[in-house]
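Have a look at the structure below before the remarks.
Chain lettering (A, B, C, D, E and F) follows the sequence in which the chains are written, and residue indices restart at 1 in each chain.
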Amino acid sequence: MQIDLPRPTEADPAAAGAVQELMGGKFGEMSTLMNYTYQSFNMRGKSKVRPYYDLIANIAAEEFGHIELVANTVNLLLDQTFESANGATPPLNVGMGTGNPDHFLNFGLGTIPGGAAGKAWTGENVFNSGNLKLDLLHNFFLESGARMGKIRVYEMTDNPVAREMIGYLIVRGGVHQEAYAKALGDLSGVDITGLLPVPEISSLNFPHAKKFVDKGYHRFMYRFSPDDYKQLSEIWNGSQVETGEPREVVDGPPEGGEVPDLTPMPALYAPGVNEEDIAEIAQRLGS
Amino acid sequence: MQIDLPRPTEADPAAAGAVQELMGGKFGEMSTLMNYTYQSFNMRGKSKVRPYYDLIANIAAEEFGHIELVANTVNLLLDQTFESANGATPPLNVGMGTGNPDHFLNFGLGTIPGGAAGKAWTGENVFNSGNLKLDLLHNFFLESGARMGKIRVYEMTDNPVAREMIGYLIVRGGVHQEAYAKALGDLSGVDITGLLPVPEISSLNFPHAKKFVDKGYHRFMYRFSPDDYKQLSEIWNGSQVETGEPREVVDGPPEGGEVPDLTPMPALYAPGVNEEDIAEIAQRLGS
Amino acid sequence: MQIDLPRPTEADPAAAGAVQELMGGKFGEMSTLMNYTYQSFNMRGKSKVRPYYDLIANIAAEEFGHIELVANTVNLLLDQTFESANGATPPLNVGMGTGNPDHFLNFGLGTIPGGAAGKAWTGENVFNSGNLKLDLLHNFFLESGARMGKIRVYEMTDNPVAREMIGYLIVRGGVHQEAYAKALGDLSGVDITGLLPVPEISSLNFPHAKKFVDKGYHRFMYRFSPDDYKQLSEIWNGSQVETGEPREVVDGPPEGGEVPDLTPMPALYAPGVNEEDIAEIAQRLGS
Amino acid sequence: MQIDLPRPTEADPAAAGAVQELMGGKFGEMSTLMNYTYQSFNMRGKSKVRPYYDLIANIAAEEFGHIELVANTVNLLLDQTFESANGATPPLNVGMGTGNPDHFLNFGLGTIPGGAAGKAWTGENVFNSGNLKLDLLHNFFLESGARMGKIRVYEMTDNPVAREMIGYLIVRGGVHQEAYAKALGDLSGVDITGLLPVPEISSLNFPHAKKFVDKGYHRFMYRFSPDDYKQLSEIWNGSQVETGEPREVVDGPPEGGEVPDLTPMPALYAPGVNEEDIAEIAQRLGS
Amino acid sequence: MQIDLPRPTEADPAAAGAVQELMGGKFGEMSTLMNYTYQSFNMRGKSKVRPYYDLIANIAAEEFGHIELVANTVNLLLDQTFESANGATPPLNVGMGTGNPDHFLNFGLGTIPGGAAGKAWTGENVFNSGNLKLDLLHNFFLESGARMGKIRVYEMTDNPVAREMIGYLIVRGGVHQEAYAKALGDLSGVDITGLLPVPEISSLNFPHAKKFVDKGYHRFMYRFSPDDYKQLSEIWNGSQVETGEPREVVDGPPEGGEVPDLTPMPALYAPGVNEEDIAEIAQRLGS
Amino acid sequence: MQIDLPRPTEADPAAAGAVQELMGGKFGEMSTLMNYTYQSFNMRGKSKVRPYYDLIANIAAEEFGHIELVANTVNLLLDQTFESANGATPPLNVGMGTGNPDHFLNFGLGTIPGGAAGKAWTGENVFNSGNLKLDLLHNFFLESGARMGKIRVYEMTDNPVAREMIGYLIVRGGVHQEAYAKALGDLSGVDITGLLPVPEISSLNFPHAKKFVDKGYHRFMYRFSPDDYKQLSEIWNGSQVETGEPREVVDGPPEGGEVPDLTPMPALYAPGVNEEDIAEIAQRLGS
């Protein structure tokens, strides 16, 4: 996983509900992942427009790590649900009213492939005209909408696990946003990086984002394949737009954190129950 | 890409329309990919049930290659659309009546994240109860539905590109189907591999599948990470259910074929047009 | 089944596609069935408004027979698909372009719970305000839309199996339409049966409907329970609006026809295959 | 109605919201009803596979009773909404935040054809391949998902009306789950009843379920038609898997309880208002 | 805007959530607007049925003003969100649990084109058979459902801004309901205005509606074009059904109120931020 | 109506099906209309950012005329359906296989509020962050996607009615695209009009568009209100990007053409039938 997340001591279903938007909302990580994946599959003349292909396919690879990161965040935010319920019966009644009852009914307190109001993610969210200029313009818009979404969720919850993750995504999403602006400029001859930041507030103003900027994450493009995506640096070069520091292609993925080992939940039979679990649950159900 | 695909000499929009079901239908590769991805993200007690986690996460990795494979198939089936139109005006009018006009309108003759009737793929297709036995049962059912789907599409088109890909997926999907049956049996103590094949016809009866069986693809579980998924062989062992040959974990992904370099389509401005293209298109539009 | 259907000698996928609208379109039989079912479940003060409850619940019971009838029609229209394909390979390629590929992919040539363009039926089609006057007004409108739908499908196909069924439904739907008009008039004191027919053409003008009128089906309200719905006749009385003949409550369901024993389809493994089937299919697949 | 439900003294909108999942969620009673209904309509070779047809069609008949039961539960849970509001103005403001505002806006405090988050039930939830082995495997999975859903809702609410109903459905759903396992075993020669229970907890551990087990409801298959479904006992025989007691086909439906006569709600004009009602409502609206 | 709305001093997210139903619910103003718009576009023989065309097209014009009115209501109900949050961090956490998180995530505290549970409005809500009698019957039903919806939302919130708007819409919607009843009667020769009011309570009983009746708004049909819709008075004549006062066609739109100038929200960068805003926000984000 | 359309002599259901994309596809006129409408409703600080408000609200007004124009195009393309059927029975069987059976079933051969594959238009297509820079960026992208869509439909049909309309929309859509580029540049200080044209082909290359350019339609911004939108010229000034001619604000709407008087269709009872119609239809139904 790309960063370490703190382990919360309490469940925060409202935060989990809001964070879902960053997974499966129209501007969540499923959308960025799938837009770039389908665009890379369908791109014509890959050999002629190699740097653009490399950019899009490589960012898709990073986005896969982002859905993992959001997933772990949601899981951690719900991991203490039974402990937070503190013996109350019924323990899952917090599940109604969060806008995402599927967390509690069908997903075993895990993340869902959908957004903040429980709307499923849909392939309708993928745009891929085949026209490179238009697709790059779309991607720049998509990342701008995604940046707005992250900021809005940041304003909905101050849960430290959520904000740690959002801070990181603001920085990395900012790189993608800037990369598409740069690529569109290279293709068309019109520099549009001057539009940044969209929305008009620097990532440096978010404390949870600034610490990642301080590590340089705002100017790195990680290359996610040892053998491919070698022409990334034909696009990702020059100076990062806010700090003026040099943009840099880094070979290999970011050093990351541990994937959290989520607590088994006997009461949900997740992953499954043994004899002692059954006895304990039976006692509770009989209350 | 996991196999080589022949390069067709004619567009086959009906075949492309049908093959889409294997991408984004309820039982298509997007569904297998996303079910296993979310199940691996959300799995509790990963350290306690490691072999099952390894199996599900590793199959997810293979499915990512499968969506690439289906995508390239659809792209190849539509790659000669203008050539097949043979100068007719308008060249894209074949796009209505295929059930998937989005191929022609919004995706530049590329694959869409949806199924045979143009229905978008949706996160509703993901099942993830958190209960391991139930999730394995689901996965076994899902692969069985997917095998049925492949056979049905095989009966809808005899296009050789389509059948090459379907033959391969029948064999690899059969491995996944059998692996989930084996895993469910190991967990529960009830051997259900005797249910296979579902549906009741051996993959050996499909010539396009048999050739991959002859290479042993029906008994290999590829390990898609050099560092992870090391406990696969605790589940994938014993004898393949139809041939009795030994099941085998193979380190590393399958050797594959070249990703086809799709023909640029100036008339769709895909990936983009230069001066000469514009002149040529302008002439046609004026006709 | 409420009537006998002729057994077609050829498959007619286009007719099957159109007839689906009468199953699962917004004004199809699933909608009438489910509207009246939920209205009867949710009705308040059942003891105070018994005749209205009896009417709605009883019509719901008849609609259940109608979905069976439409289902058998679709099944018969597709029953000869392999025979009509006449040995062609691939035999199911007729499945694309009908608007309902799910018939061929996921439903084994059976009916689907959806409409003419493959849209799934949805609970959004149910209206149930709890206000009796408004619900009756809705039901009168719903039956009027349903009558329009039947006439439109009648104009889309002249397949004799389809028209036999449609003719019957025009007559029975006409009874329901008139019954809701009558009930609304009784409740409100405003006779609206004068609006009939909607649309403005007598059922007598449809030869396939007229023969059922000649049997009196346009004036019978069948009582579908031996013990319940005893107050039907408080509403269903007086004169049928077009012919002036007496409306009549008939105890018991209509005498009907045989449910057709649909041909097994070894090529689809439906219901399942035996040894000989496999051999035959294997031969075909290898061609 | 198949059982008696206690009459609650207070409205419990949260419980009503959760219970809706058992009506119209993906694994709710609408889904089991409609899956088996369409499978029975579309089944080929009914005369050749009669016991399987009888099983599926007969269980469909029982499921119709289950949607009635869930409907009455939801209605009772909301029946005292105005009394619970206790004169507050506005009386329906509890309707936002339950995830199902349609109960209050469009359904007159009645049940909706949808699930816990207000998602409409959809025909997409029906699976019917036509292949008998695959359809039975699906049905076994569907009942397993449904059992999980019931247990989860049980953990979301301890409302006694809700739990009475859920306890009953756990037992009856368990019979259906076991019946499909048995049928699949008979067809394929592989006994999979050893997988039960899924999830891994006996129904006996739920006090609200155990009382129905004590009456033998876990081993009875009710035959819902005096004239049909005569070959049920070719499948439903042997020993119930948890208790070892004999499985038994019972002629006729279960003895049941009274359908509750839901309180008229003048404030909602449901079913309609008379002069006095209007005066009273007018006074309140003017406050 | 057609009326003046009071300016609230506090945000009321629950009221905003409920009022959304009147914008984009199945019976909200988007539905009436779009039904009449499409019916007027598609109407055949406009020259032969001019008064009906004029009626439908003219009411469509008024409905456009109604979506503006509902939009401003929702906006006002959320306009003080930050002030009501009173410095709390995070300020938007009220956004979860209202059923409409999109207000807070994607719409900048503005209205959404959807209903009370965040369901998007859809073109499925438009009915347009082309048969004039049936379309008028539909429109009468639609307005009746819409009147029910307004009354239900009135019972969900007593927020004075919301009720001011609802009172107005009850009166104007009542005019449309009566006009379609009158038109259907003129076309068919069956007077159905006697069905009114549906539901059975006079608008006079709602204090917020009565004041608009006192101004005569219940008997005016505004003519929204100086040059068109000249045959309105062939339908809109006679006596208003509840008061017996004369129906009257008024040339020109209603005199209205000011469109409120919504407060800029620097914290949402809406419409955009300047230097001072950024400084202030940055300080808050760092807290 | 903004232009005159030629009256076709033959029905062209395939063209009608494709043109629907320009009505209700994701990038069709319903989307541009509703995006700008909701953005104008929800815009904060209207008095501070008046020119931007004027621009968006004024373009919304023009888009309303565009949905009328697309509607009439579809209607004309289907107006001769019965004549083209030439007495064939059944006359509507052309309705299956066009991807839009609703034209024939539920809309009386009129336009539907949906796209090329019959997908209903949905409020999900509206983006409105409240952040002005982001909304303008979106609108520029939306118009670019819309321009692509028009060009693609142009390549799907050479029907002269369709192309007349598309040519006009290419020019007017081009004005909107350029206006949003100009506005975004004014707001941000970064001129992005150099990106035009997107896609990379001049409107002058389309003969059906060029004739409208020759009339100057590519450089006019019509002001759709005599009293409002007075600050349009603060944005719409300077030189049109392709021709260098001066941009100009024109007071008042474009001079237009006649709304076609669509042929009554007795066979569809549209708008309704008289005695003679009924006799004629009855005769046909009996054939």
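The rule is simple: contacts are C-beta pairs under 8 Å (C-beta built on N, C-alpha and C of every residue); 3 or more make two chains touch, one makes a residue touch a chain.
All figures in this text were calculated on a predicted structure; none of them were measured in a lab.
A.B. asks: Starting at subunit A, find the fewest moves between touching chains needed to arrive at subunit C.
C.D. replies: 2
A.B. asks: Quick one: which chains contact subunit C and subunit E both?
C.D. replies: Under the touch definition, subunit C and subunit E have D, F as mutual neighbours.
A.B. asks: Looking at chain pairs C-D and C-F, which one is connected by more C-beta pairs in contact?
C.D. replies: C-D
A.B. asks: Compare the contact pairs of C-E with each of A-F, A-B or A-E and report the one sharing over half of them by residue number.
C.D. replies: Interface equivalent to C-E: A-F.
A.B. asks: If you take the mean of the Cα atoms for each chain, which one ends up farthest from subunit A?
C.D. replies: C
A.B. asks: Could you put a whole-Å number on the gap between the CA centroids of subunit A and subunit D?
C.D. replies: Between these chains, centre-to-centre, one finds 38 Å.
A.B. asks: Mind checking the centre-to-centre distance between subunit D and subunit F? Centres are C-alpha means, answer in whole Å.
C.D. replies: It comes to 48 Å between the two C-alpha centres.
A.B. asks: Multi-chain contacts only, two chains or more: what residues does subunit B have there?
C.D. replies: In subunit B, the residues touching two or more other chains are 26, 97, 99, 106, 117, 124, 127, 129, 131, 133, 148, 199-200, 268-269, 272.
A.B. asks: Chain touch graph shape: choose line, ring, star, complete or other and state it.
C.D. replies: If you draw each chain as a dot and join those that touch, the picture is no line, ring, star or complete graph.
A.B. asks: If we use the touch criterion from the header, which chain pairs count as touching?
C.D. replies: All touching pairs, sorted by chain label, are A-B, A-D, A-E, A-F, B-C, B-D, B-F, C-D, C-E, C-F, D-E, E-F.
A.B. asks: Mind listing the subunit B positions that touch subunit D in their complex?
C.D. replies: So the residues of subunit B in touch with subunit D come to 26, 124, 127, 129, 131, 133-134, 137-138, 140-141, 144-145, 148, 184, 188-192, 194-195, 198-200.
A.B. asks: Quick one: in the complex, what on subunit B touches subunit C?
C.D. replies: Per the stated touch rule, the residues are 14, 17-18, 21, 25-27, 97-99, 116-117, 119, 148-149, 152-158, 199-202, 205-207.
A.B. asks: Would you pull the subunit B residues touching subunit F in the complex into a rising list?
C.D. replies: Listed in rising order, the residues of subunit B that touch subunit F are 89-93, 95-97, 99-102, 104-106, 117-118, 267-269, 272-273, 278, 281-282, 285-286.
A.B. asks: For subunit E, which residues count as touching subunit F in their complex?
C.D. replies: It is residues 24, 30, 34, 37-38, 41-49, 52, 67-68, 71-72, 75, 106-114, 120-124, 126-133, 187, 259, 261-265, 268-272 of subunit E that touch subunit F.
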